[in-house]
Amino acid sequence: MSTLVVLPILFPLIGVVINAFLGKRLGEKVVGALATLMCSAAFVVALMLFSQVSVSKEHAIHAEFGTWIGVGKLNVPFGFLVDSLSSALMLIITGVGALIHLYSIGYIHGDPRANRYFVYLNLFVASMLVLVMGSNYLLMFVGWELVGLCSYLLIGFWFDKVKNAEAARKAFVVNRIGDVGFILGIMLIFVTFGTLNYHDIFAVVGDHKTAALALAGDPVAPAVLSAITLLLFIGAMGKSAQLPLFVWLPDAMAGPTPASALIHAATMVTAGIYMIVRSNALFHVAADTSNFVALIGALTAFIAGSIALRQFDIKKVLAYSTVSQLGFMIAAAGLGAYTASIFHLMTHAFFKALLFLAAGSVIHGMEHYSHAHHSAQHIDPQDMRNMGGLRGKMPVTFWAFIIGGLSLAGLPPFSGFWSKDEIIVAALHNPLVFALLACTAVFTAFYTGRQLVMVFFGSARSKDASHAEESGMAMKLPLIVLSVLALIGGGLNLPGSMWLEHWLEPVVGVHEGGFNLPIAALFSALALVALAAAWVMYRDGKRDTSLTPQLSSVSSFLNKAWQIDALYRAAIIMPFYALSSFLARVFDLGGIDGAVNGIGTLTKGIAAALRPLQSGFVRSYGLVMIVGVVALMAWLVINTR
Amino acid sequence: MIPSDYLPIGVMILLATGLACLVVLISILFGPRRRAKNPVKIASYESGMTAIGLGQRRFPVRFYLVAVLFILFDIEIVFFYPWAVAFRELGWPGFVSMLSFIGILFVGFIWVWKKGALEWETMDK
Amino acid sequence: MQDLMLILPPLIVFLGATALLLVDLKIADDRKETVAWIAMFLLVGALIAAVMLLYFNRTGDVLYGFSNMILTDRYAALLDIVFALIGIGVFLLTLRYNRVHQIMRGEFFVLTLFSIGGMMLMAHAANLVTIFVALEMFSIPLYVLCGVARPRLDSEESSLKYFLLGAFASGFLVYGIALMYGATGTLDIATMLKQVERGQAPLLLVIGAGLMLVGLGFKVAAVPFHMWTPDVYDGAPTTVTAFMTTATKAAGFAALVRVFLLGPGAFVGSLVSAIAILAALTMIFGNLFALAQRSVKRMLAYSSIAHAGYLLAGIASVANIGQSANAVIFYLATYAATSLAAFGVLSEIGSMNRDEDHGLERYTGLAKRNPALAWVMALALFSLMGMPLTAGFTGKYLLFQSAVSSGLNWLALLGVITSVISAFYYLRVIVHMFMKEDATVAANNEQYYVSKPSLVMMTLASVAVVALGLLPTLLLNMFA
Amino acid sequence: MSVEFFLFLLVAAVAVVAALGLLLSRNAIYAAMFLILNMASVAVIYLLLNAPFIAAVQVAVYAGAIMVLFVFVIMLLGAEKLNPADTKLALKWQRPLSIVLGMALFLLLGAVILTRLGGAVAAKMIDTSPLAIGKALFTTYLLPFEVVSVLLLAAVVGAVVLTKKS
Amino acid sequence: MTSIEPVILLSAVLFTIGAVGVLTRRNALMIFMSVELMLNAANLAFVAFAQQWGNLDGQLFVFFVMAVAAAEVAVGLALIVAIFRTKHSTDVDELSQLRG
């Protein structure tokens, strides 16, 4: 049984090794097939493990493969823990992963670096599995860093463009800022608990049902727990793109679209949510941190959602939407609704992966014309202003996008509806968070509608759009499978059965969440209204479609639009547009993004300014030494008793 | 407080100082004086051109090499003295210790010799 | 005889080097590689001796010898092994580099061996006299080695800078020892420790230890006594730099561990806090200066300063002395492996351009020209950065963990933050190697080739980097 | 004030003046001479401190060997005349800063030394004859002694490597 | 000598003068001589402390310092000579190619 546990990690690693060393000889086709096969094999094993977990008595399989770091008190084993939480996530990672591998065969076809791409993808799957399967925090950190590395490699995959290499570096560095918190949190955990194994730590913290914290007369100070959870959360902020560290994720879309789907939508970015849910015992007793987490999550959801309203790049919309949805999950985790959080994580994995793959299919279709005609005039194939009317040309993509979009918008019976609803219900007792999430839900529906209309309806706004063609079978098949999943994914935790909640109970405890019919009805209606508004506003294909948007178009719009539309616009949309533009500016150009870059520039500036100190003169070096000697001696004289 | 063993050294120091002073004095008294008023007169002759830079561009490094080797082997002697004084008390272990000390430095001597560092004519550019 | 057995590794090196000096006379100039191989053979002998010291002293007792001048314990034996391995690694690199740069001389190997012997002695030091003599024993040959590429001016400049500042630092070291002796009346570290444990740490002792810290801080390149480091590392022949950045650091820290962590220093609060501050400064300035470098060799020099800062954090962590000492020694081993891998690449690149240009441009598109070099370099840089599953991560984790255990949370925080900053400049090299293509050179289609011995060395170092990251327990078990 | 102490003050004054002479002299040969004078006076203090053998070695090694080598090199290189433009513009602040830092260093050292005022000198007069030193050197200090031979050997090799044409 | 404090103070004075000499001189030989002065000061302190504690350790240490100093001087002066041959100068300020 224990050997079975490593197999999901081992399979993709085998793929990595074979493809890395023999890739050139095997050829692109074989490499792609092998990578997909390995990921599928991992999926099959994950299924087997899942079934074993469900029948095992303590709902968990432990496996240890010797010690990794063992010195003194510190004993970190290569230990793996497959319980209800990790087995569920393993299924997502390997399942969605396998579909995306399959899709990639079509997508990456013809790229000179295709072999490398599949190596990275397999490596990512293995690392992500290490992240969720590790039985201690340090192993989680290993996976955490490795997925970051894969993300870096994939964002910078087309490094010929300077922009991409920069986006990759930004992602890596911002993530490492978060990692500072995470690794310090881990160290503090070790100092506090003397171990890094989940099992032992959570045993000390006590049963998650009781908030009281006293074990064998050695209570852990609440302040220490707050510090630990806060540090861990900083890690989650980085990886799961929360305020203020989310700036890297929109840029990360520079990578190949399937990689974005897998890493920057479905799996890696949810690592922060996994970490919080995994540490629910700690977060549960650290109420301050949890409130903070909920607030940050809700704020992130709101801000990213509003920024998404005004994006034109098809992937950027999805990227901000991902940040926003991650905010939902984080907020849910902060609210203690761990099941809802994981539920949304899973449905989001389905529908967002679907949306990304569909978007990739659109981009692929858009590129078709210029590829075929070597057209000198190069338009941006990702700009929605160049699209329109693709509905007829790419029917499978269209329907997939519709399903994903409606799921994202939160329309029943699509999967997103059920999970989002649970989160909103959980937020009922926290007015501020509730208000933010409610607004975001409306935004979500609106920008989704806007995207659908701009891409698929109306008439083609460019030659590329009018000559777009549907993608091949390897790309369509995953779309279909994911569509089905997005459609029925809500079944995981339908009111009444509450299967997921029971399944996760051994890990997160019981949470009396549930279905609230009035809320569900209200939000369904709101989503419908927002979608309708988007339809009305963008149907004619004139709004926002100019590549050089002008304010004067406002007046022309006013003449034609319905009165209710104008009212809607004046009362709601305009302020939000303003807000959206403002936030986009703050966060994307000047603000935090600028701050991150600014700090980088500043440090470099300081470094450059300091360089003359290293003057090359021996005597100056001696002088610096003497300064040190005098300071050191003064310190010692003053501070020695 | 100065042990009488060191009296000879004191005498030596006095003698040496006296001798040094004497020599300097003699050279001042009898040596040729080149205290010309005109600096050109004491400048080295460069076919009428103004002398550029120091007079000795090419200097014989062999002097230095010999001097430095002398110094290093000279240090040994300082270590010899306490050993010689305590020879009886130290016995064979002391002898072996000193032998290995000398042995290692003797290797250095052979090496320098074979290396040609002591040969006068083959060196320098 | 037992005394001799206790210092068998340095003994083999010293006597072997002396004999090698004579052997060298008989070997023609174009066959000096033989000298290198003999030197490596000697180091293997020392290695075996060190392993035997570990094996026959499984209980890890501290055995004293030569009237308590030296001791042998686990740390000493492990450091002997580290020094021997560094020496072997560097000698493998010299086979090509020194030939190309015309410094393939028998004396090079003899002097390096002398230096290694001094370092090993330092690992065994139990008395301040031994520390002083060992320090000079490994430093004086290094002064010469830096300048061995004369009349190349940068080599000479590097040598003179190192020498003058090194002598200056020695002055502080000796004066510090004098004051420590004045305070305690002994030069024996264990006796001093006993006095301090009894609560006698007069100011004179503290100041003396502080001045000693200056001298040793100089050797390990701690800010603000680090100023020589970039210039010397930059100007010295790359093989010498490879040796210095790994071995000198380890030797300096061996002394710091003996005097400050396991010795009297750990019991003086003001000294510990001073070391913590030095550690902080070293991390900050090392990383900051590294950011501004365009030359990879110089960048690695500053990076080496930064790593001295991380190591100093371990010296300042006195809550659990054994744990900290383990962490420091372990880190030294990981840093040696990582740094050797990186400098292996540098020496190969340096062998392919005579002017020793290590500007980033030389590394542009390296992945294309020689994937092996690029991958080794990338692995080394990731390890220096502290990526998990490389040696660098395990080492850093253990160090910062002991800092946190000692309540030095701020220092650990600073360490992690500066590690993040370091990602900027390490990644820059990786980006240049893998993600850029140099049009001019690609046009020439110039392929880089790697010499076999260097490749062997780099492979072994890379394996060590991965092994110490994946299975650090292999080494850590030896501390237990 | 005992005669010894008076003698000490006298010699100490000479030592300090010689050191200052080294610090300030414009001619390297003079500087070397000042250093020799300083070392000689320190040797006298060694005598006062019951260290006659060390005093002898001081004269033999430092004044007799090391300083001779210095003077030799100064002559050899013709480097006795020091550049009168002693400070470059870039290092204008070097001199005043050095002096200030030197003062600070001395004040700190002095303060520390004075904290231990009254530390009694050992009553017994120890045996510091060459015999005693020889015994210590070949028993307790045997290892450093042997290492010194290797060190000297390394210095021989180093000096040859650095000066001889390869 | 009944008290060694004056001697230690003298050694501190000499040490400081040596250190200042290192910083203010620009001739490599002068810097080196200043370092020798520092070592000399340390030796003085050693001998004084040996007298205070009534043991020989301090005197023995001085012995080693002198031997080491001789080795250091041999190498150091060789280095200065070597550089003089390339650069025709003993001015350390002229050796500042490596910097930044």
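A, B, C, D and E are the chain letters, set down in written order, and residue numbers restart from 1 in every chain.
In this text, contacts are C-beta pairs under 8 Å (C-beta built on N, C-alpha and C of every residue); 3 or more make two chains touch, one makes a residue touch a chain.
What you see is a predicted model; the values in this text were computed from it and never measured.
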Would you kindly count the fewest steps from chain A to chain E, each step being a jump to a chain that touches the current one? 1
Which other chains touch chain A while also touching chain C? D, E
Out of C-D and B-C, which chain pair has the most contact pairs? C-D
In terms of CA centroids, furthest away from chain D sits chain A
Starting from the Cα centroid of chain B, hunt down the chain whose centroid lies farthest away. A
Would you identify the chain whose C-alpha centroid lies closest to the centroid of all protein C-alpha atoms displayed? C
With chain centres defined as C-alpha means, what is the inter-centre distance between chain B and chain E in Å? 20
Would you kindly tell me how far, in whole Å, the mean C-alpha position of chain E lies from that of chain C? 26
Taking each chain's mean CA coordinate, chain A and chain B are separated, in whole Å, by 77
Within chain A, the set of residues that touch 2 or more other chains is 611, 614-620, 622-623, 626-627, 629, 633, 637
Touching two or more other chains - residues of chain E: 8, 15, 18-19, 22-24, 26, 31-32, 43, 48, 52-53, 55, 60, 64, 66-68, 70-75, 77-82, 85, 92-93, 95-100
Which positions in chain B are in touch with at least two other chains? 54, 61, 64, 68, 71-72, 75, 78-79, 104, 107-108, 111, 115
A full list of chain pairs that touch reads A-C, A-D, A-E, B-C, B-D, B-E, C-D, C-E, D-E
Mind listing the chain A positions that touch chain D in their complex? 615, 617, 619-620, 623, 626-627, 629-630, 633-634, 637
Interfacial residue positions of chain E with respect to chain A in the complex: 19, 22-26, 31, 92-93, 95-100
Of all residues in chain C, those that touch chain B in their complex: 18-19, 21-22, 25
Per the touch rule, the chain B residues reaching chain D in their complex are 1-3, 5-6, 9, 13, 54-56, 59-61, 63-65, 67-69, 71-72, 74-76, 78-79, 81-86, 89-90, 93-94, 97-98, 100-102, 104-105, 107-108, 111-112, 115-117, 123-125
For the complex, which residues does chain C have touching chain E? 128-129, 132-133, 136, 140, 143-144, 147, 150-151, 153-154, 156-161, 163-164, 167-168, 170-172, 174-175, 177-179, 181-182, 185-187, 230-232, 234-235, 292-293, 298
